[in-house]
Amino acid sequence: MSLLLDTFTILAVLAGLFFFAAGTAGLLRFPDTSSRLHALTKADNLGLGLIVLGLLPQMGGVLPALKLLVIWGLALLAGATVGPLIARLARQEDAPP
Amino acid sequence: MSDLLQIAALVVLVTVAGGLLRILRGPGVADRVMAAQLLGTGGIAVLLLSSVATGAPALLDAALTLALLAAFAAVALVMTAPGRGGRR
Amino acid sequence: MSATLYGLLGAALVGIGLFGLLVRPSHLLRILSFNLLGGGVFLVFGAVARRGAGAGLPGDPVPQALVLTGIVVAFAATALAVMLLLRLSAESAKRPDPS
Amino acid sequence: MTGLLADLLIGAAILALAAGTVTARSAFTATAFFIAYGLLLALAWVRLGAVDIALTEAAISAGLSGLLLLGAASRLAACPVAEERAPGPVLKALIGLCCAAVSAAVGYAILSLPEPAPSLAEEAMAHLSVTALGNPVAGVLMSYRALDTLLEAAVVVLAVIGVWSLAPAGGWGGVPGPIHPRIEQGPLALLARLLPPIGIVVAFHILWVGSYAPGGKFQAAAILAAMWLLAWLAGLATPPRISSRRLRLAISAGTGLFLAIGMFGVLAEGAFLAYPPALTKALMLAVEFALAGSIAVALALLVMGPPEPEDRA
């Protein structure tokens, strides 16, 4: 059982790392702001989400696991709020003054 | 297990450091805000991974604080950003 | 090991902050530089605290407590400096400088 | 091995951001660097085993300072202040040399610190049981460095008085800071309504946990202040006028209570800030809660700034 859970943790964390790496690569390599924002939101929501998912079985309790989920929820909320604001900012920047 | 998670934390740290290049280079304000956001999320991930890896539950509280304040900082950045055409 | 590393980082930050404080003419950048300098000093304290780890603690709690109060006081001072600067800017907007 | 690599990475990133702050062309860019620097500094504190400081750094440097400095940068861009001329290249090089020498001297001092390192950790732990607190940093702050904590709380109150006294003619007694229009819809309105309730719960958690684990009044106060500021930014919460007696009482209550308990120590135990053993934990918790509330209000007011003249507002 514990081996199974550990395998799950490793796989999920690895997947999370992949999204973080992909998001950063996108942030660095994509040519324009909108596609960079697209890359960032993947890293933000999926990368952290998968890492949280992977760590859940390692928390050894319901309360710490709940705290972990709250942290992810806050990050999601922040991402969902800031994403449109950044997009608006980017449009303003691209538009001629 | 703990070693693997520590390596995972290091990998996230590397990607976050890569994202910093975007803060340094810009060019627009939006790009810098995005990179700051990635820094916040990455910081949370690093804290979570090291909390489990080193068995330090206090780091979860640090991650919680960071999650609250990173959202706040990003809002502050957007609210006060130089207005139209503010390419700096 | 990490204590020495962050101690040296603190030393570097002190130099960088001092340089910005003396070289940059912008008032806001001077305030930022001063904060960098302060951050360097805090890190030196942190290094000393880390070296003093013992009794099952990861660091000496006394310097840590000092840094904790220091951060809050530094913030209060920064806020006062920023507000002075904003007042200055409001005054110069009211009376445009002839030069 | 991973630890050393992480330290090197964090150190290099902090160094790059500090250099970026000092050399940035615009104040806004410099401030963005400075916020990122604060976030990374929090990670550095975790690596140094100081989670208490990491929490404070994350809340104050990345959150409150960020808003304060960014707001200032955007207002200064609108009406700039006359600046001195930048020094010439020769003088710049000389200053650089001198600063490098200062860095080298501090670095040399770090490398030649005595071995084994002097530490008060043993003594702090030995006396921790007296304070009935499980968090050594909180124990130090509340017992034998209590005077520091008291003075610090007083400094924050004084800073608020200082900021208020910058009110221009016609502004005294008014509502502090610029007035933000109420935002009814859009992402910010959502965040400003959702986040504060969660933030208040988290702040109380951090405050309560602070008696036996990293956390405590400063961290909780910074989070509470950030939540109030978020509602203020979205125009949902208008701060009370600075002439309001209740506001003034809220700011000074923590320091006042701490002072009163200190004087009570003189009467009961014969020393300032000495706690009667039976009441130690209760008194310390009372001070923690009162200070958290007062410091939260004071920190938020420091970011909001002095009241503006009535006619413009």
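Read from first to last, the chains carry the letters A, B, C and D; within each, the first residue is number 1.
As a working rule, contacts are C-beta pairs under 8 Å (C-beta built on N, C-alpha and C of every residue); 3 or more make two chains touch, one makes a residue touch a chain.
Please read all numbers here as calculations on a predicted model, not as lab measurements.
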Chain pair that, of all pairs, has the most C-beta pairs in contact: C-D
For chain A paired with chain C, centre-to-centre distance based on mean C-alpha positions, whole Å: 31
Chain A and chain B: spacing of chain centres that average the CA atoms, whole Å: 10
Chain A and chain D: spacing of chain centres that average the CA atoms, whole Å: 28
Chain D: positions in contact with at least two other chains: 3, 73, 188, 191, 195, 198
Sites on chain B at which at least two other chains make contact: 16, 29, 33, 35, 40, 57, 64, 68, 70-71, 75, 81, 86
Sites on chain A at which at least two other chains make contact: 70, 74, 77-78, 81-82, 85
Chain-to-chain touches, reported pairwise for every pair that qualifies: A-B, A-D, B-D, C-D
List of chain D residues in touch with chain C within their complex: 3-4, 7-8, 11, 14-15, 18-19, 21-22, 24, 27, 30-31, 34, 37, 41, 44-45, 47-50, 52-53, 56-57, 60-61, 64-65, 68-69, 72-73, 75-76, 79-87, 92, 95-96, 99-100, 102-104, 106-107, 109-111, 113, 117-122, 124-126, 136-137, 139-141, 145, 148-149, 152, 155-156, 158-159, 162-163, 166, 168, 218, 295, 299, 302-303, 305-306
Chain D to chain B touching residues, read off their complex: 2-3, 5-6, 9-10, 12-13, 16-17, 20, 25-26, 28-29, 32-33, 35-36, 39-40, 42-43, 46, 51, 54-55, 58-59, 62-63, 66-67, 70-71, 73-74, 77, 188, 191, 195, 198-199, 202, 205-206, 209, 213-215, 219, 223, 226, 229-230, 233
Residue ranges of chain D touching chain A (in the complex, touch as defined): 186-188, 190-191, 194-195, 198
Touch list for chain C against partner chain D, complex: 1-20, 22-29, 31-33, 35-36, 39-40, 42-44, 46-62, 64-69, 71-73, 75-80, 82-90, 92-93, 97, 99
For the chain A and chain D complex, residues of the former touching the latter: 70, 74, 77-78, 80-85
